[in-house]
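Before we start, here is the structure in question, set down as structure tokens.
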């Protein structure tokens, strides 16, 4: 169980880390400061400067060959293992736009995986190439208002067959990336047969965001922020008509596609969350060493040594667990790795949330302000406690896996 | 130690609760939806509708005699005890604009207290009456960038004597309410003699916000939100000249004023935080009863019963501790009550944060969205862990009070 | 809601505290050091010195009129309220034999309550007087091996009618006090009709411990200790024959008796646990002030200030919650007080456990040794997390009470 | 960073696990039940049956070649790495006498390491061989009453030079294993020059336990238990005279020896604690599946799924962290591994304590009784929070290592 840095990935880590620190970090704040400055007043349009920043950085990454690392276990891309990729994802997590710069950002990586694994040749021709090139972006259209997503079998957004076509109706929300004008693909999970057995009710479709009948109702807000121009949109589909060739894998096989998609994505989120926790610990230490009160650096006051030690221990453990889950995926496959993926999915966001919260506290009010990235990091990792399944569902999976050991006896 | 609802306050609680639920809550969302819609595009101007909402509700409160409850232990106002007021403040905490409607909002109550206790007759004539009438609002100008406020003796914003006048120079930030166009008073703590003994270096001044030389640099953001039009402003003072009659209590007595101000204010914050926790628990229960997964209401899944029980227990205990701190203030004075005030200042925001966080989790992604008030409640109570002294400083106070018991022996 | 020290109880607190500190504490260690020194080698026999200590102290308490305080809301005894008694019980909790000295110890108080409320005149004549005088002790015989007591309806120890008599068969364990040679009464819950509705299956009986057919199988150990000579015994009943006059309240009414018994007892346990936490905090502070490392008193190292502050806050809150539960019992009755009793039953032992654990840690290895009472205090409060219902059952009660508020709507 | 099971150790794990389950576990309870049954009444003498059990099992282990695994990185023994040994130690942790059966028990392994690394040839000839053969046992004589061991430089037990000899005076306590009649070696840390620089004040001596002048004052109790016949003894040395050849490594080099000794020992303790946590989780699951309440297995009630899941996640993380610390020791040496050793020293006992505590709660009162090993496991892991340095000291080490990263810049 080699969880360490391989010789292959070591130089890549150095290059990615250097590029994140030197090239991306300085432009990240500028990118975010531009939000809402499009002449039209539309927050969901990039300013010229934003596009310039993104395109310049992406070109630089491609030029340096730092691109599409996420294509693990594949002969395309680098052929990294998930363990190797983990170390890179951690670095990318430290700055918010970094993952996109290396074409390793959610939800695109998961969506590309869907096309690669389950898409038809036509789907690949139309979307996969452009996604791999970073020319378009994409959205995964699953969550519905009014339904507890923890029990996805309840999803009721309708796909009704009409002759050779299918007609989609209903609302979806929290569709991340659907605000981005560059979004060129929706992967939509719809209920095609409510009377079928629980896991055969749904079908996965691929379609263009500008298919007639799709309406953006509003951006959803994350603790008051709309994350423009990426956005988490609330959509309404009204008689959206698509051909049967829009089906991925097969009618009634939506759950199968969704399951295959989620394993790696969950791990990637966790890897980046660990990177954020590392960044937060760094900020906690440097702030605590610089700032003084009562004639001493803050780190020497109160319980701060213990807080720093606990943060270090929690990060170390979460990283090791994440690497083990990655190693299980590499060696035993997604299905066997499931309990470990559930474990890290619970552990990493909670851990990162605690570490970032303590880093905030060490900064005083500055910690929740626009002057540091901590508040944004915190709200982001908080969303991970729902995204791809709430903690409660993952804990249940872990417990069931544990109890099965004894039921078998 | 009567911590219960007195006969005097019982009908007031009922009236305040009813008005919050019936009259204020329905307009609260509308008030917030209007933010940023002023024709000038200036987020720090009220729209006509916002003013209409506020003025109508305030008039209604005055008409009903529900006004200035916070004037505890006084023959002005109701002459409520702090314990009695606590029950009212809890109700006001449940809706964000409610405290202002009853003229019981921070930072005005603390500022009025400063004027009442320490102000000259001229100060009272100029500002106190209008504040008591709810005609103007005010700001308390203390926190500085670059200084750990936990050790307030470090504050270095300069007050330099120049003939009969004083000249103020420096920056202040997180000045809550300084964004509100109705803000008519600044109470400013400044370092008037850096060489004096630690607690005699600072002087408190009162002045008009439009005194020449004061500049609003920017609104500070709380987890990305500017809380417009109230705002938490970053200010720069450049050669702001004021007369010696602007001094409150006396030169070098700024700390004394600050200490006298903080006791009740800290308790009021905690009371409202407890109201928010109650509201969050209510939302947690109703959501958990209504929403289903796996064929059961959410409350019956996983650890939800335990989560609800823990929330109830934590709220009960925090409320009782808050009432005891209030009772100590009523019966033994602010100074003797200090360890209990520090205790509740640590306990209440942490408790409310946990309860709100669990309420969010029960709502899934909706919990962090604009569709519920939970995200806003959470960010608000998070700020209370710094406001009026960070947790670490209050824990230190509690521990020192504890250890003094043995040192005396 | 007066939760304070009344004028009536104030002098009693002072007397009890003084007697605990001056008279009882110095003999407590000696009492325990005598365990196992009976010439017969029988750990469940008192040595002469033990009886001398107990009898002398009890005589002193009676002489001073410090006796049977627990008879709350009664014209016998002091007629204290439960709130008033709480303050006394807290003092008694600080030294292990203190409660018995004042004839306020479990399980006798609960058992006397059963006789008082539900017993026949014959029961009272035979046992109640001698218990009130402290002449005999008693045991409550409920828990069974092989049954999760959290669901008491499962208890299957058999009471079979045979003519006019009843015949008892089965095993009971964790029968506290059944090791004491002075134990003169068993109150036994038995299943008299397994086919009856869930809460009418059981009947409560009173009988002499030396009734033929009762056998002590072994003492149960609490973390390796047998708590001799009090003991927590494992008993076997084989064809134990008793008359119908041994029934308390009525056939099939065992649950009713058990419920009535448990309310006050649970609160008394919590009050004493709070006293233990106070004692532990005192030890934590004095040790931390006296002992040095790295040139400083321990309290000034690491997170110790925070640990002390948290302990103080937790104790304050638990005490207030306990007093509120007591006040509810006094003013609204056991049934209405139930959710608060469940709350404090969860809160107090957990809180006391945490505080004692930190006190242990401040003492280093001495903390778990025979040189301090901390280890014994810890194991005792740990047992309270099962005694009279495990935490999980009480949390469930609290949650159900909370949710009922909304179900009614 | 290969943290997995190597091909070399895989069959050993299987053999050790099988022997622990099949041969040792069934005799463990019998061994403990014999304590105190020596005809002399001396609890610190083995009964014949106890010696028979130990000797038979040790012979079996030797016969199977399962012996002295702890000799890591050595050409004696198996030449296992610390990572490989970790997996074996975990298995040994599951039953209390197992480590001794394989000659891998504390404090002997650490003491053998001292002799091996720092002892003279004469020391080795006299003691090392017999320890490696399991013929004698040994004690490490360091902790003193009246001194906070967290700051070992304070240790004041005196070694005074007298001609060519040294004379030892003072008290030591918590000397584990000094109760065992087979104990044939004391390694004693003594203050030989109180005026020397802090880390050169102490010297390490080796001597026979029956050297004149050594007196056993009493056994220390761990939560009321004396752990006889192993014992944790309180010793007094009165003018104990030994030759200069009793010095290990050199005068004033006691700290050096102590540091070298502690690294591996701390990890071994943690490994075994993880084994205990695994055992506790197994008991928690099997009990929760077998026992019913309210018509369901306990695991399906309340928060039990979450409790099981959290236990699994915590164990996984602690094991990985322990393996990483072991790997650091293997690849970078004890000194470089220090921060990770401190991390796992804090993490593992706390984690195991929580898991065992929850296992206890799932068992109800049975969990703290003699019928399960949980209570004993709990008290044992609780002692680990002081043994080899209290948590606070290790947290401080971790924080300092973290902050040094920034100080270097």
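So that you can tell them apart, the chains are marked A, B, C and D in the order they are listed, and the count of residues begins at 1 in each.
Simple rule for what comes next: contacts are C-beta pairs under 8 Å (C-beta built on N, C-alpha and C of every residue); 3 or more make two chains touch, one makes a residue touch a chain.
Nothing here was measured: the structure is a model prediction, and the numbers come from that model.
Any chain bridging subunit A and subunit B, meaning touching each of them, is among C, D; the list is complete.
Set against the C-alpha centre of subunit A, every other chain centre is closer than that of C.
Between subunit A and subunit C the centroid-to-centroid distance comes to 53 Å (mean Cα coordinates, whole Å). Averaged Cα coordinates give subunit C a centre that lies 37 Å from the centre of subunit D.
Per-chain CA centroids place subunit A at a distance of 44 Å from subunit D.
Each of residues 302-306, 392, 395-396 in subunit D touches at least two other chains. Contact residues of subunit C toward subunit A in the complex are 302-303, 305-306.
Those residues of subunit C that touch subunit D in the shared complex are 143, 145, 148-151, 154, 173-174, 220-225, 291-294, 298, 301-304, 360-361, 364-366, 368-370, 375-376, 378-379, 382-383, 385-387, 390-392, 395-396.
Contact residues on subunit D toward subunit A in their complex (touch as defined above): 1-5, 281-282, 285-286, 288-289, 299, 304-306, 308-310, 312-313, 316-318, 320-321, 324, 340, 343, 346-347, 392, 394-403, 405-407.
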